[in-house]
Structure formats: structure tokens, C-alpha cells
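Here come two complexes built around subunit A, the first alongside subunit B, the second alongside subunit C.
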Partner chain A sequence: MALASLQSIPAAPRRWSRYRHPQSTIRFAVLLAVLTFLAWSVAFLNVDLLRILGAFPRLAEILATRYFPPDLNYVSDADFIRSVIRTLEMSLLGGFFGVVFSIPLAWLAARNITFSRRIAYPLGRFAIMGSRSIHETIWTILFVTVLGFGMLAGTLALTVFCIGFAGKLFSDELEAIDMGPVDAMRSVGASPLQVFQYAVLPQVRVAFTGIAIYTWDVAFRAATVVGFFGGGGMGWYLKRTTQQLESTRVAAILLVIIALVLIAEIGSGWLRRRISRMR
Partner chain B sequence: MRHEKNIAESRATRGSTADTVASMSILQVRNLKVSYAASGPQILKGIDFAVDGEDFCAVIGPSGAGKSTLIRCINRLVEPTEGDIVLFGQSVRPLRGSELRHLRRRIGMIFQEFNLVNRMSVMDNVLSGRLGYTGAFRSFFKAFPREDIDRALHLLERVGLQDHVDKRADALSGGQRQRVGIARALMQKPEILLLDEPTSALDPKISRDVMRLIRELATEFKVPVLCNIHDVQLALESCNRIIGMQDGYKKFDGPSKGMRKQDLDEIYAMEVL
Partner chain C sequence: MSLAATSVSEHGFDAWLAHKRSRRIKNWLIVAAGAAVLAWCVRDTILFDTDWARMGGALGIGGTLERFFWVDWSLAPKLLVPALETLMMATLGTILGCILSLPVAWFGAANVTPSRFILYPLGRFLMVLSRSIHEIIWALLFVGAVGLGALPGILAVAMRSIGFISKITAEAIENIDPKPVEAIRAVGGNQFQVMYYGIGPQILPVIIGTIIFEWDINIRRSAIMGLVGAGGLGLVFFRQMAMFNYGGVTLVVLAVLALIALGEVVSHFARKAVI
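Moving on to the complex of A and B:
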């Protein structure tokens, strides 16, 4: 039987290519257009590759003469250390509230489990994309003009930033869940909240924890510059020293930022690896 | 039994003889049509049938015939486009929000892919069958009432999983997982069971065991069953009535004993292989 039906299959067409005529032509044209644009940009901007390469030794020279040695006394000062702690506090608060608010928004903005595709979905998407589309420093400037200088403005800016950052990642994660358990919980007559808790959360809990930690890590990096625009924390010291051309102090502050961000990144990476093993 | 009370009620409220006869059926489906997209193809093209109190009814047909679509319309996991579904004397299509949830909790459903929550324990999976009856506060803290816990333990024993109560659902074999699915559905004290190919993901030997268990429990709890099956042999063995579907139409409806080879050939005529 099987053999007979195999033999009756008509001979395969002789010519085969991955992309057929209109598709292949379009691909080729797009590639050509991109390359042309790149070449034109290089020519138009007068980008001189040799000068770019030459910039690196010059940068090293300036760093060595003006920024060295870093003024470590300046960063051991109690006021500065207090501002570092405030930066940490802002990142924790902003990260926490950002994550808390972004979960319901992500729920609305996940196509598969949203309350309504006509109303809730676009609202959730709009809120998340709105937070993302404006850079965190601009949020800081906006909140500082409304609320005045200080940590409150910075914390709010970081919260909005985290809503955009975590909300996008959360809703992507929600859209990838297995809908089987959701069907099962709906069919026992569970309410939307019960469906979320019993069928959705168990599937995303590990990923959400990882994302929350990652969000804090990114929020901390953002928090170091929020102060530059009046949002509180160590960024203010950066602004003052750069404006007064105190290069060795700037160097010390930059070293502290690099060290802290590295520590935060290594710590959060380690935690996330631990958690993802709990799957 | 609950549905008997319900029938009695609908009899009392309506009264006319024709309606009395009609409401003898627990489930009636009339002229059911479904398309998933407004401009898409029609998947069900006008299905009529009724299920009575003692039925163990199989829906057979080649894959793609619309069996899952049909069964998922009954508890509105899929929205019908046209026609009527009357369950327990109540029209299903107009129900919204909590009315719909109250109907759903009276319908047990068992799925081909089990649809357990893998990262929850077997016990929590079974208990989740009671969610429709559990208040928001209790369910939030997973504080199910004592009698639900007792019932869950009893059912787990009944399906032979008493030694796996605290395991995670994904630590079980396929057959064991489907038994959890069965226990979860029975937690609802369902008045009808909808089964969507409950054994298609299992190997033949386990399939027969699971099917026998479902049959036993359905008889024990006096629940009518509407069951999609791809495997004709299994359907003829375990069900007393057969509905044959092909390409969105009902092609056969009758007792499994009366089914002839030519009926089967007609239902499966479209299937290649």
C-alpha cells in the first residue's frame, strides 16, 4: 500500500531555488539600497577612517596627563558616599515601583491574555511604549521642572523608565506562555484573576524574577546619571566637577561608577543564573 | 442529582409538552456554525444533536473535521458564530462574565495535552478544579476548604495517584498526568464531561486504561460524557453512542452497535492514508 502510493507520486520538478523571482529581486534591491546608503553617508559626513583610528592614542594621552591620578580622597568623603547610597536607594525604589506597575500593564499588553483586544491591549501597549520612547534623562528633566530638584524627581523618572523597560520584557514573556493551562482554568469557571494566578504566573514566575533583577541592574546604571540633571544622587557630583574642570575628581567619580555598575551587573547576573536553575 | 433538579425547574417554568420533551436532554446543539475569522472558512457548518443523561457519546472523524471546535463551543472556549447551544436548560451563547463562569464550573473538561500547570504540585492542580467555587480571598492564599482537600485526596486515590500527591505535575508520566486531569475535572462535581481526545497523547495500552477509568468514573458519578476520539476502535469499545463528523458536517449519529463499516468509510472518506 504505502509503496504503491509512494511510486504514484509524480516526478519532482527539476529546477528548485530558495527564493523565487519577485522575492529574490526584492531582496537584492533592498541589500543594494542599504549598501548605497551606507557608502553615501560615509562620503557625505567626510568620515576619515585614519582620523578615527588616530583618536585612540590621543584619548589615552589626555587621560594620562589630565585625568591621572584620580582624586580618591574626593570620593572617600562622607557626603559623596551618602550620595552613592541615595543613588542605590533611588534605583531600588524606582525598580520596585516600576516592576509593580508594569506587571498589570504587561497583562493588558499581552495579546493572548488581555481583557480586550480592542481597548485594554492598545492602552497597555501605549503606556509601555510611551515610557520607553522617552529617554530616562528626559524624564528626569521633566520631573525636575515639575517637582523641583531632588530624589523624588529622580525616583519617579526611574520608575517610569522601569515601567517601560520591564513592561516590554514582561509582556513578551506573557505572550510566549502555553495557553493550555489557561484554557483549563477558564473551563473550571475561574475568574480572570484566578486564571492569572493559577495558570499564568507559575509559567512566568522564574522569568519575571530574572527580569526584575535585570531591571534593577539597568535602573542603577541610569540612577548614576539622573543626578546630573538634578534628580538626586551621585550624578550631581559628576556635573559639578565636570563644569569646574576638576578632571582628577571626575576620573575618581567615573571609576566609582564603573566599579559599582560592574558589581551590580556581576551580582545580578549571578542571582539570575541561580534563579533560572530553579525552573 | 443536580441536573435532574434543573430539568424539573425548566419543566415547571416552561410547561408546554414540546419543551418538556426537548428539555429531557442535558445538552442540545442546534444548527451550530463556527468560523474563527469573519472572512475565514466555516469550520462547523450547521451541527445538530442532543446528549441525554446516560449517554457516553463519542465524536469521531478525521483530524481537521472540527471535533475540538465543536466541543470547545459548548463551554465557550470558542465563540459560536450561529446557532444555539442549550445546556441544563440554559442558553449558553448570551452568557457573560460571572454567569458564564457559573455555567463553566458545572462542566468538566479533559484535554488531549492534559493542560496541567507543570510547575504546580499534583495536589494544587487537582484543587484548582474548585476555583469556580472558591472566593477570591481563599484562592489567593490557596486556602481551600477542608472538604475540598478531602475530596481531592479521595479522587487522587481513586485514580491511583495517592503516592504522588506532592510531586510536581511535570514529574509524572503521560498516563499519570491525564489521571490528574481527570481528578481535576471531577473536583468540579461536573454535571457533564467534555473530553477532547483524552488519550491521543498516550500509547495504546495506557489509552485503554485511561478510557476504562473515565468510563468507570462517569458511571459511578452518573455524569454524561461527550468525548472526541480519533481512534475508532477505542470509540466503539468504550462508548454507547457515536456521532461521526466530516469537514464540519455531522455524517452519522446513532448507537455504537448499529455502526456499519460503510458508515465508517463514509466518515473517513476524505482522509488520506
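Moving on to the complex of A and C:
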């Protein structure tokens, strides 16, 4: 009896779905908008999708036929090796000055410990974002235009690049610290500098060292092409050989770059692991 | 008894002092070596390699800087299409990079790789290769392979993104909870079903966050692709530079900044929606 009356109630046909009405519609609309933008981009840029697939076999073919026997004599030349050392020097200097300048900027741009949220915070943030937003090659070209060709321009471009790169990581690290010691120091009347030295720095020292080493690693990668735009170092050889269409020499230089970057990455990874173990 | 204990503790204290002293000396040696290397670098790069006479002193530098200062606003309407091209190049490059990084991440994740001795090292090698070659060099290679235009820029941006996306994805795959995978295997799911239902949902938030982050970086990268023959804002930058119209150069740099600020806002909201 009761069962029959229960069965007589028409059950609403409901399908379970993870997102309910307004949310699901918004998700659908966003997805549609993204896909439309993609399709429009393909049409606007005149990209032939078949050529994308063809590009990789073509690249492999070109590498095999034109670039194949790498001209290793060219890269064992004394002048080239000197340029490699200069690239290394530029990356060291750029990384060092970048880290040195980016620590105070990160201090300004960390929301929890900056000394004024109205003025210093946006200023530090803008300095870091600005040097990060402009690509290092554009910085190189600008510095070369103002200061002339040579390693000074390259070093300065790398410095600005490192300020942007390390500054962001540093300020993220600073924003994640434990505020207890900072509040304690502040409440007994320490100056901002004292707070930074005794409450902030001990917490982030290990992380900062790791970030500094990683910054050098990235700066070295960037330093290999800084010379392409007149900044000094091995990039200049790359530019000369590509413009002379000496593909076998380009191949040799590329191999040297890959090997050096690999060594730098392994070395910096080893150092960072050692330092994080010291924590 | 007590005497013995004191002497032991004193011995320990001495050892501790000696250890501390040796450690301090070691730290000073490291700092001194670093300072010496830096001084050598300064001597080589800044003192010997710089042509101070050609720079023209403070007056010459000031004169050049002044020419950058007068922004050439008349160029602004001509920048809209290149800016859009740059944005599209970055977007398509990121999508293509994601598609290409899927197999690389699959090969390079130690727990799901199809073959540990051949494909795993290959995947790891591709990750390093993609990151170690600068985007300018990738663009040069692709301009040689497919000719001028937006396509080499898209391909270069994609190749450069593979390393980061696939490395993060592989790490995410290595850190998944193995239970759903085992459950799907236990009820007879095939390899594809394991990946789609067992691994996919677990790593999707990480991947989408990484893609948004990479898209943000790729806007910067695609803004310079024009320097070596792909289109976009880089081409306008190159042309203004070649014409010595430094006011126009400043405007292009400002346009890049505006584009990146836009990307920053979009990625902020996108990340908020996903996470």
C-alpha cells in the first residue's frame, strides 16, 4: 500500500553533474571563447597546420644534411675559448650584481615586511616586474645602443634580467616567512634594518643561496645569446657564423652551448642540493 | 668521577671551538675566493673591454638617452596588429608546446615510462635540450627550416616551452597517489584508461597552472621573435631600431609592457578560476 503510493510519485529525472547551472554555463562559455580565439589566431596568422607537422622532419633533414659534421676545429680555436670564458664572466657578474640589487628590491616588494605599503611596495613591485617583463635581448639591444658594443652592455643587460628573475623569487620567499620573529622584533622597537637582519634573513638565508645559484644558471643560459646582439661573449660567433651560413660551424657552437649549459645545470643542481642539506 | 666528566666536557668544548674556528676560516676563504673571481671578471669585462672614449662620456650617454625619452606616439595605431600577433603567437606556441610535451612527460616520468632504459633517458634528454637552447636559437633554426613568418616563432616558443611543462608534468606524475591507478588496473582497465581516469584527474590542476604560467612567459618570448624573422612586436622593434627612431623603440617597449600587464591580469583570473 505504502509502496504503491510511493511508486506513484513521478521521480524527477535528474542527471548528476559536477557543475550546476550557472557554473557549467560559464565554464562552457570560457572554453568556447578560448577555442574561438585559437581558431581566429590560426586564421589571422595564416598558419598552415600541415606545415607544423612537416616542420620537424624538415628540421631533422636540414640538421642532418647541412649542419651535420660539426666543425669542431672552429670551436677549439683560442679566440673562441676566450669568448666562452668571457661569457662565463659576464654571467657571474650579471648574476652577482643582479642578486645584490634584487635583495633590497624584494624587501620593498614583499607585502608582509615592506616598510610602507603605499609607496615602497608598488615601487619595488614595479621595478621587479619591469625588469622581468622586458626580454633580456631587448635589454641587450637598448644597452648596446646607449653604451656601445662590448661586455659592459651585456653585463648590464644580464644584471637587469637577474634583478627581475631573482627579485620575484626572493619576494615570494619573503612573503612566505614566519611573521612571529618579525612581530617580536618590531614590538621591542627594532628599526626596519634590524628586523631584516635578525628576524628575516636567518629564515631565508638557505633559500636565498639556492635561488642565487639558480639565478646564475639561468643567467648563463641567457649569456650565451647576449653576444648575438652585440653584448660580447660567444653569441657574437653565433651571429657571425649564422649570417655567413657556415652551418657546420653553427652546429659546433650549438653543441658547445648545450654541453656548457648541461655542465652548469648539473653543477648548480649539485650545489643547491648540498646547500639545502645544510639546512 | 666528577673530574673525569669535567675533563671530557672541556675536551668537547675545545673541539667545538676548534671546529668553529676552522669553519670560520673556511667561510672566509670561500668569500675571498669569490671576491677574487669577481674582481677578475670586473677587470676583464668592464675595465679592459669597454671603449670609454667612444661612449662620449656622460654627455654622450645623456644625449642618447634623451632621444629615447621623446616617445613617438604617432606609431601607436600601427602597433595594434603586431601586438595581437604577438599574443596569438604566444597562445598557439603554448598550446603546441603542451601537445608536444605530453609524450615527453610520459617518457620522462619514472613510474609510467614505457621503457626505463631507452625512452626514459630520451625524455629527460629532450627536457634538458629544450631548456638549454635559447628561444632565439630555436627561432633561427626554424626560420631556416620553414621560412619567415609567424610559424617559426610559434614553433620556437613551443620548443622552448616543452622543457618546463614536461618537467613539471613528469614530476606531478611521479608524485601521484598510486591507488586509483591500481584500482583501475584491478578492474581491467587498459593502459589508456589508466592514464585518462587514473592519472589525468590527479595532475590536471598542476598542469593547467603550469600552462598558464608558461603562457605568461611566452608572451615575453614571442615579443622578441621578430628580431630573427618571425613577426609580431619584435619586428616593429627591429625596424624602429634600424631607422634610429628611438622614440618609436620606447613606444614598442611600452607596448610590450602593456601586453604583459594584460597577460598578468588574465593569468591571475585564470589561475583563480582553476585553483
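What we mean here is this: the second predicted complex is superposed on the first by the 239 of 279 C-alpha atoms of A that agree within 3 Å, B and C clash if a C-alpha of one lies under 4 Å from a C-alpha of the other, contacts with A are read in each partner's own complex, and residues count from 1 in each chain.
The definition used in the following text is that a contact is a pair of C-beta atoms (placed from the backbone, for glycine too) under 8 Å apart; a residue touches a chain by one contact, two chains touch by 3 or more.
Only a predicted model underlies this, so the values are computations on that prediction, with no experimental measurement involved.
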Fit or clash for subunit B plus subunit C once both are placed on subunit A? fit
Who does A:Q197 touch here: subunit B (first), subunit C (second), both, or neither? first
Is A:R205 in contact with subunit B, with subunit C, with both, or with neither (first, second, both, neither)? first
Looking at the overlay, does A:L59 come into contact with subunit B only (first), subunit C only (second), both, or neither? second
Kindly classify A:S187 by the partners it touches after superposition: subunit B alone (first), subunit C alone (second), both, or neither? first
Which partner, subunit B or subunit C, touches the larger number of subunit A residues? C
After superposing the two complexes on chain A, what is the shortest C-alpha distance between subunit B and subunit C, in Å? 11
Residues of subunit A at both interfaces, subunit B in one complex, subunit C in the other: none
Subunit A-facing residues of subunit C, complex: 37-38, 40-42, 44-46, 49-51, 54-55, 61, 64-65, 68, 84-85, 88-89, 91-92, 95-96, 128-129, 131-134, 136-137, 140-142, 144-146, 149-151, 154-155, 220-221, 223-224, 227, 231, 237, 241, 246, 249, 253, 256-257, 260-261, 264, 273
Footprint of subunit B on subunit A - complex, ascending: 180-181, 183-191, 193-194, 197-199, 202-203, 205, 279
Where on subunit A is subunit C touching in the complex? 30, 37-38, 40-42, 44-48, 51-52, 54-55, 58-59, 62-63, 86, 89-90, 92-93, 96, 129-130, 133-135, 137-138, 141-142, 145-152, 154-155, 221-222, 224-225, 228-229, 232, 238, 242, 254, 257-258, 261-262, 265
Where on subunit B does subunit A make contact in their complex? 75, 77, 98, 101-107, 109, 111, 113-120, 124, 128-134, 136, 139-140, 181, 184, 187-188
